[in-house]
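Mind having a look at this structure? Questions to follow.
The letters A, B, C and D name the chains in turn, as written, and every chain counts its residues from 1.
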Amino acid sequence: MAKVVVLYGSSRTTSNTELLTKKAIAGLDAKEIYLRDFTVKPIVDGRHAEHGFDEVDDDYDTIIKQVEQSDIILFSTPIYWYSMSGLMKNFIDRWSQTLRDPEFPDFKKNMSGKKAYVLAVGGDEPHMKGLAMIDQFRWIFQFVGMSFAGYIIGEGNKPEDILQDEMALLSAKKLNKELKAIKAAY
Amino acid sequence: MAKVVVLYGSSRTTSNTELLTKKAIAGLDAKEIYLRDFTVKPIVDGRHAEHGFDEVDDDYDTIIKQVEQSDIILFSTPIYWYSMSGLMKNFIDRWSQTLRDPEFPDFKKNMSGKKAYVLAVGGDEPHMKGLAMIDQFRWIFQFVGMSFAGYIIGEGNKPEDILQDEMALLSAKKLNKELKAIKAAY
Amino acid sequence: MAKVVVLYGSSRTTSNTELLTKKAIAGLDAKEIYLRDFTVKPIVDGRHAEHGFDEVDDDYDTIIKQVEQSDIILFSTPIYWYSMSGLMKNFIDRWSQTLRDPEFPDFKKNMSGKKAYVLAVGGDEPHMKGLAMIDQFRWIFQFVGMSFAGYIIGEGNKPEDILQDEMALLSAKKLNKELKAIKAAY
Amino acid sequence: MAKVVVLYGSSRTTSNTELLTKKAIAGLDAKEIYLRDFTVKPIVDGRHAEHGFDEVDDDYDTIIKQVEQSDIILFSTPIYWYSMSGLMKNFIDRWSQTLRDPEFPDFKKNMSGKKAYVLAVGGDEPHMKGLAMIDQFRWIFQFVGMSFAGYIIGEGNKPEDILQDEMALLSAKKLNKELKAIKAAY
């Protein structure tokens, strides 16, 4: 049975992005990870340091292990300043370390083949100004060999605005069906 | 005399991005801020919280004050995963708080009219895969009313690679002249 | 009552893009213009020629007059090679001439304030690879002051494929409602 | 010896784009094709027509044969409305026909492996608003398997403006060296 992991990049509880994502995973057994509840330090680039990367004392490894063991990843992020939140960016930046970490010898291989989805809500013309972020996720997924299976962009500013975004809700419903079908097929 | 502030988003000392930026500010009296030397916490979105944003105990305010008082800002960031570093993203995310902070009543007004430049070095086809990041900076600067005066994309992976990127170095040299002319004209 | 003009850039009759667009204008009194049925020559840039632009003997003026008199424009184009069709591009290129044509003294003013929509169907990951085209339409509309009121991207290759694209059809239905509401409100 | 073909999409003689391109091919034996001097009709999509594509009576085949036999292609286009000119777009649109044309049985195979460069001059912030066009060329080249070896964006409006764009001229000079080195190496 396909394992679904949701990475939440929102800094606010029950954010619009979370509300939208909950529709997409309704009735699914998904592992939900709220990045704001963990400490993930910014990467310190040790690729070219004599002794490589320093060990980091934070929650990153715990999270990335769950990500590595999943089959489907939902990147659920508010659009902050036209891109993913810093919370999520710091998490992804750390992949550069994991790619060289002997404790994760097959990280890239394990990531490749996973299905990735992006769910993002923004308040400032997200269907226009959020497209660069979609491009970036595409590059990111391509680098590690994940397939970019789809994305949903929603519009909202104030709490619960997203519940008025008819098309985003329909897309979430459709994604829910799709995820259930994938789960069933495994 | 125009005040120049450089925001470094690199996590590594004397990174390629820093080396390139140093060429651009050679002989200029610029305030250099290395974000990695400070603590900037991820934003906690308090826009819709009953009591607004919580006060944050970190170095952000010290930095943003210097940014607010500048005339020209250089955003110097390595391209990590096709975007600015998480260090820099967290810093910019916090602007959402400053925009509502009574201690910075004229933040947007003070930011508008500043000139912004981006200097970025990446290792994976940055002239192609870094363009989405340029788009994002454009939206960011537009939001606060800064003019996007120019950008330099360089290519490099290993330490000092950038010193082989002839076009990036020439661009930095040209930017240096431009900055000196602006300084002199104030 | 708001006047709606549809510009079809498809080279094939009852193309997927057309089928999708027909859903969006069902029951509306819209002026439909099939660019393939007209001759629109490529622009010859006469902006800096001694005598300005040469008069062009083709159907362009007839079409642009109808566009100029509309309130809402639907740009309905297949995604050919990751952008609008050459048919439609040649039509838009000619706007540079109209902007300087004494027979259209208020062209820019008349265009500004119109609402523009883009409907586009592509066969090669249009939700990813069609985003650059959306960017371009945004710049185009911004230049002449039109508001970019929305876009629908559909997926399809073979004839009638689009009828299987549930989300695109729903979006077209929603646009239909929106257009009817605008019409009624005028 | 590597064969270089230049495709000019300008509608004006000695346009800024042409001037820039001439710097890049100075002293090189390159085949220069001015699309404005030829007739290339818009594609009529016959992929799904009973009898396939109709034969087209124009100059397209003559041009594409020279392109097919080259090793390096320079796409030299003014930025019209934030994309390549309609002249050039119509030419590329026709590749869809060539891909199915029995007279060009190895078209895709022959195109793959070629090196492609884009040289483009625009008047409205081309370093920002021209990036979507670069994205499109990337997708185009990727589709047929060509490598996107580089691009130069220049700024200019009035005739000869480009001669003031120091960075563009330097880039062209550098490209010239690069092309000569490639030629010599074959």
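Quick note on the criterion: contacts are C-beta pairs under 8 Å (C-beta built on N, C-alpha and C of every residue); 3 or more make two chains touch, one makes a residue touch a chain.
Quick caveat, the model's predicted, so the values are computed rather than measured.
> When you check each chain against chain B and chain D, which touch both of them?
Where chain B and chain D might share a partner, there is none at all.
> Would you mind checking the shortest number of contact hops between chain B and chain C?
2
> Pick same or different for copies chain C and chain D, depending on whether their interface residues overlap by over half.
Copies use mostly the same positions to touch.
> Which whole number of Å gives the spacing of the CA centres of chain A and chain C?
The answer is 35 Å.
> So what's the Cα centroid distance for chain A and chain D, whole Å?
38
> Would you kindly tell me how far, in whole Å, the mean C-alpha position of chain B lies from that of chain A?
Computed from C-alpha means, the inter-chain centre distance equals 25 Å.
> Hunt down the residues of chain C that sit against at least two other chains at once, touch-wise.
131, 135
> For each chain, which other chains does it touch, given as pairs?
So the chains that touch one another pair up as A-B, A-C, B-D, C-D.
> Could you pull out which chain B residues touch chain D in their complex?
For chain B paired with chain D, touching residues are 127-128, 131, 134-135, 138, 148, 150-151, 166-167, 170-171, 174.
> Which residues of chain A touch chain B once you look at their complex with the stated criterion?
10-12, 15, 36, 42-46, 48-49, 78, 80-87, 89-93, 95-96, 124, 129, 131-133, 135-136, 139-140, 143, 158-159
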